[in-house]
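The block underneath contains the structure these notes are about, expressed in structure tokens.
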Amino acid sequence: MKNWEAKCLSSEFGKILKVSVFGQSHGKAIGVVVDGLPAGEAVDLEALNAFLDRRKPGKNPLSTARKEADTPVFLSGLEDGKTCGAPLCAMIENADQHSKDYRELADKPRPGHADYTAAVKWGGHADMRGGGHFSGRLTAPLCIVGGIAKQILARRGIYIGAHLASVGHARDMLFPLYPTAELFDAVAAKPLPVLNDHAWETMQAAILAAKEDLDSVGGTVECAATGLPAGLGDPMFEGVENRLAAALFGIPAVKGVEFGDGFHAATRLGSENNDAFTMEDGQVRAESNHAGGILGGITTGMPLVLRVAVKPTPSIGKPQKTVSLSAMENTDLTIHGRHDPCIAHRAVPVVEAVTAAVLLDLLLEGNHGTF
Amino acid sequence: MKNWEAKCLSSEFGKILKVSVFGQSHGKAIGVVVDGLPAGEAVDLEALNAFLDRRKPGKNPLSTARKEADTPVFLSGLEDGKTCGAPLCAMIENADQHSKDYRELADKPRPGHADYTAAVKWGGHADMRGGGHFSGRLTAPLCIVGGIAKQILARRGIYIGAHLASVGHARDMLFPLYPTAELFDAVAAKPLPVLNDHAWETMQAAILAAKEDLDSVGGTVECAATGLPAGLGDPMFEGVENRLAAALFGIPAVKGVEFGDGFHAATRLGSENNDAFTMEDGQVRAESNHAGGILGGITTGMPLVLRVAVKPTPSIGKPQKTVSLSAMENTDLTIHGRHDPCIAHRAVPVVEAVTAAVLLDLLLEGNHGTF
Amino acid sequence: MKNWEAKCLSSEFGKILKVSVFGQSHGKAIGVVVDGLPAGEAVDLEALNAFLDRRKPGKNPLSTARKEADTPVFLSGLEDGKTCGAPLCAMIENADQHSKDYRELADKPRPGHADYTAAVKWGGHADMRGGGHFSGRLTAPLCIVGGIAKQILARRGIYIGAHLASVGHARDMLFPLYPTAELFDAVAAKPLPVLNDHAWETMQAAILAAKEDLDSVGGTVECAATGLPAGLGDPMFEGVENRLAAALFGIPAVKGVEFGDGFHAATRLGSENNDAFTMEDGQVRAESNHAGGILGGITTGMPLVLRVAVKPTPSIGKPQKTVSLSAMENTDLTIHGRHDPCIAHRAVPVVEAVTAAVLLDLLLEGNHGTF
Amino acid sequence: MKNWEAKCLSSEFGKILKVSVFGQSHGKAIGVVVDGLPAGEAVDLEALNAFLDRRKPGKNPLSTARKEADTPVFLSGLEDGKTCGAPLCAMIENADQHSKDYRELADKPRPGHADYTAAVKWGGHADMRGGGHFSGRLTAPLCIVGGIAKQILARRGIYIGAHLASVGHARDMLFPLYPTAELFDAVAAKPLPVLNDHAWETMQAAILAAKEDLDSVGGTVECAATGLPAGLGDPMFEGVENRLAAALFGIPAVKGVEFGDGFHAATRLGSENNDAFTMEDGQVRAESNHAGGILGGITTGMPLVLRVAVKPTPSIGKPQKTVSLSAMENTDLTIHGRHDPCIAHRAVPVVEAVTAAVLLDLLLEGNHGTF
């Protein structure tokens, strides 16, 4: 039998709440189908759009000047402002995009981008204009489902928030790992999602320096969920960490995921890292929360805390070495156009969104105990 | 309808190669069913047992003195030394275990262990003797499937190796990220899986100091795969990183997973982190490998490199604060018996095993291109 | 924790080729996301629209006079007439629908419809106008994915065809079970999809009699695939029969699925039912094909033959007994408007479509042998 | 890259309750891993063994004289007679089997068996002694999980029963489709699982006639579940019918599955087939139950009724035509040894078992409404 010319891909996650993302950066539309949302849940569209605004570019001088309207149109699943049980489909139409630079990039894969791996996998068939299906633009549909999930969870006392925890070497970490909903509300209201406004100045300097130098810089995002019941998740391969990590690595540019003290825990002693249990108001609590709210893959009821590493934007203005795939020879590449010198701060709501969707999926399984 | 007394768990991973782990630490047997192995693959039992030996305790003064025989019995799927297409089931019978200390632990959850979350989830029904289904002992079945996967991959030129990359603050990292099969063969033949024998001395000192102090210490494991084709994996949620992370967090005590430069990449500039493409012997190569062999979720053909953070063993001899779940009051706990002061070095073959199983699963999908 | 008001649903199938259907009958749009299509496959839109036309109502006096435009808009995954590797999303916008009759139906569940079960499951939240997500209209997106799958398969010599095998007691079955692509091409070109034009007259009479009597009548569809390789499918729960049945029962009104001689085989002797093997042109063949091309869940290389039972349209003009869910008392219901007196003939392309999608999914796994 | 010699298979089903079957007929052991059982559920081993006895051969002159001990050993998941949350593994060791006849069968595929398709798929690597992984013996592990599921469901008022509904042309069907738990208890207590003892005489005659003639005969099994809540299941591809059919076709020799009136419904009028709703004791009920308790893929609360077609045992004593795979030429085959002239009656508990496991899986999702 004749073989397939090229093979397939998969852009879905979730077990009960199944999320299927579609679209290419410069195609007709991008969007998402969400199967498994509980029926009768109100969706506050104003709050949803405000959430979507948080990932938009062009809000400040640190981002690219591109304007994305990104207003979702709901094709199904939402009637009279409430979910109706049927799968929800939301679509964002792409405004006209100038794809003039694409021809060169199709032949000369950009270092750090998926251009080369897409070419290997789908040959000449991939629509890689603007990054195609690999584009950061595909995080907008993720924010739609995540924004809805955040609203559903908030009605049940579960709050998900995130902040920019570092840019380059400038850090702004939670300590201790006991954030509150109020803290994250305050962060979300700031022009940039930081805990400590002084830290932001150092971060900003790092971003502006990179920008001036036609370069880019990486960062980390710290995300937490408060109000989760204890007993959520399963041991081994269906643990809360497994399922969150599996989805979080789906955000473009994420190269690491850790929970609680994460890699830092690997440098410590057991007596430092173990969280002592104690009674507080008749409830079992952990005095510290180095575990980030998860033991054995299962939530402890303490805040869930995770961190993701976002690599520096691969699109930089400096000349770079690459190859011509048609000529199979070395060549140079200079990427023109405006690019974000840092995407870590724009990833903050995306990390919240993915975390919210995964936690809602876990909660919908109804699989936590009732000690 | 009467509700379930307590809910369920899941100990499976894989899409084509489905791995289902069973057993409790002190139950009758532990084991694994592997569905989807290609037929006609020889399994070298001597090599497999040698691989299993690498995770055994009691090999040196740094591990607990417990002896585990851990010789697998193959109940199905392996006939005349070859896989036969039917699901493979391998079982390791548990020798008699003295569970005398269990009664106290059942009431007083050990800090850092899953005792508390298991109690929340399954009430009094969980069999938590020796850690039950959460025990590190469950990594033995993972090594069976991983050891077989390593043999199948090796016949196709794919080599998976790992080493102990840090203990506490003592580090021994790969640089550059271009390991070879020969390097890892040499590491695996050493009494302890390190690159640099001098680094081991500092690590050993950290472990012995922790042991003497009735404490424990964490570490990291670095794992690599060489010989992978480019084009393996998919964008977004079925990427190589997503699928590896989802499985690696199933190893007890893992709190972080990163690929390539991982969290370190988040501190760097784009011009430092991007891997320039270049022609070498008529092939496209990356000059550096900060991406750890993965761009856009898809392999580049360069070595795949990942790192996992292993927290310090939660079982320590020092007295700790905890609660009595029956009395719902604060209390103290001293864990008796012998415990590994560090488990990171024993995790080395386990990380190899899980990585091998996931990569074989991905390869069996036949989903990489043919540029 | 506050419980979910109502729970979720799932409208997906497939393992490599994942199909996710969305939309309600009277919502903004219906559509489908198809994840996992091979890249670089041409889609002949004219042929696709001709295929979609085959399920449309209003083609002859036997169907309802409603007109559905049903022209799909491709939002993603299709560029320059070819699949591009990214998930394909196709949408059909719903023209304005008059939903005036809905208020009564929302309270009085129609016998034989999902009105009652939807009310139980989603309370008042379900959008059941025109049948909502349960509507036969949702078979249009299935035909989009199936029509594309048929084209991809045809290029590899695999042909899927179906015909109307019975209406009421009038039957028109394949015998022997060795159909050809030419036979089904001829069937598809007829105004109604029958093998035997005389049989059609009896069927037509049954449909017209039901129509005149404000009643409806059921029927069966027989579907076959020729050109399949031997060795496709797996034993037990991933067999070709399992996977086809799981998807075929997703077509509204299907109440039975059988393969080969199916229920008829249960009345026969082994010596009658066994298919003798024989050599033909150097190939192993089965003299008869009572097995419908499947043994042990795996294809034999003979034509795959299946049949589905389609119940009579539940919407009939006769007065029926039902209950008022608001008053919880008995009441009567007369459904107004025009309704198909038979839907079995319109189900013919839908059965082809679902069969094609499942077979493509199986083939994409690359999981058949090479004897 | 070197291709796989042969490809893989899958013997799993379930979403929350995951069932993974392993073993070959003449291998060391057969068994099952069940992941997702609720914790704290008592398992009455005596009742379970009595259930397993119902599928055993050699109980009466109609079955083969082979004796199978089939006493399961529980390797994990069951402690002190209760499930403990961890995956349950049960194993049945195979007594020594004489595999002398196998050499001939390996070359000459038996008509109606999977010998040929296994040879195509796994080449010479399949262990097909006694039917290998395709053997009816693999239904014993299914009965273990199903027997446990039946006990768990019974404690919640859900009863699953089945009976032999036909042998050849002799029929013994439920009418109306309103069975009770008492009815099925009475059936299960009979030496053969029939409703009507007179019907049994005709069935018995058909089996004995086939036996005498070195032939075999097919039959059907009718299965029902009472006490199910309304609102279980989902529309389209995760409906109760889809999920049951997907699993039921995993029982060897099943060639058709239908629900309610099934294929008979396709011959009827809407006015005959629609089930009128009526109030009864303050509850919505259906006067008739032609739908078999399912509308739109979702349970109505009426008894769920399904039927499966079991083909005649393919192993018959008559000489048959086949091919030699080594010589690639026509040849004859006479199967020696004792074989069941009918397996439909032995399939009765197996159909109950699979139905129970699937329904428990659905219930564990907690996905039905609360009208």
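Letters A, B, C and D mark the chains in the order given here, with residues in each chain numbered from 1 onward.
Convention: a contact is a pair of C-beta atoms (placed from the backbone, for glycine too) under 8 Å apart; a residue touches a chain by one contact, two chains touch by 3 or more.
Remember, predicted model here, so these are calculated numbers, not experimental data.
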**Q.** Given chain C and chain D, the chains that contact each of them
**A.** A, B
Q | Chain pair with the higher count of C-beta pairs in contact (A-D, A-B) | A | A-B
**Q.** Chain whose average C-alpha position is farthest from chain A's own
**A.** D
Q: Let me have the rounded angstrom distance from the C-alpha centre of chain A over to the C-alpha centre of chain C, please.
A: 38
Q | For chain A paired with chain B, centre-to-centre distance based on mean C-alpha positions, whole Å | A | 26
Q) Per the centroid of Cα atoms for each chain, what is the distance between chain A and chain D, given in Å? A) 45
Q.
Among all residues of chain C, which ones touch two or more of the remaining chains?
A. 6-12, 16, 21, 118, 121-123, 133, 366-367
Q: Enumerate the contact residues on chain B facing chain D in the complex.
A: 1-2, 4-12, 16-18, 20-24, 27-31, 33, 35-41, 73-77, 79, 82-89, 91, 118, 121-127, 132-133, 155-157, 229, 364
Q: Would you tell me which residues of chain B are touching chain C in their complex?
A: 15-16, 365-367
Q: Would you pull the chain D residues touching chain C in the complex into a rising list?
A: 6-13, 21, 109, 111-114, 116-123, 133-134, 138, 166, 168-169, 210, 213, 215-220, 230-231, 234-239, 241-243, 245-247, 249-250, 252, 254-263, 265-279, 282, 284, 286-287, 291-292, 295-301, 307, 309-316, 318, 320-323, 325, 328-330, 344, 366-371
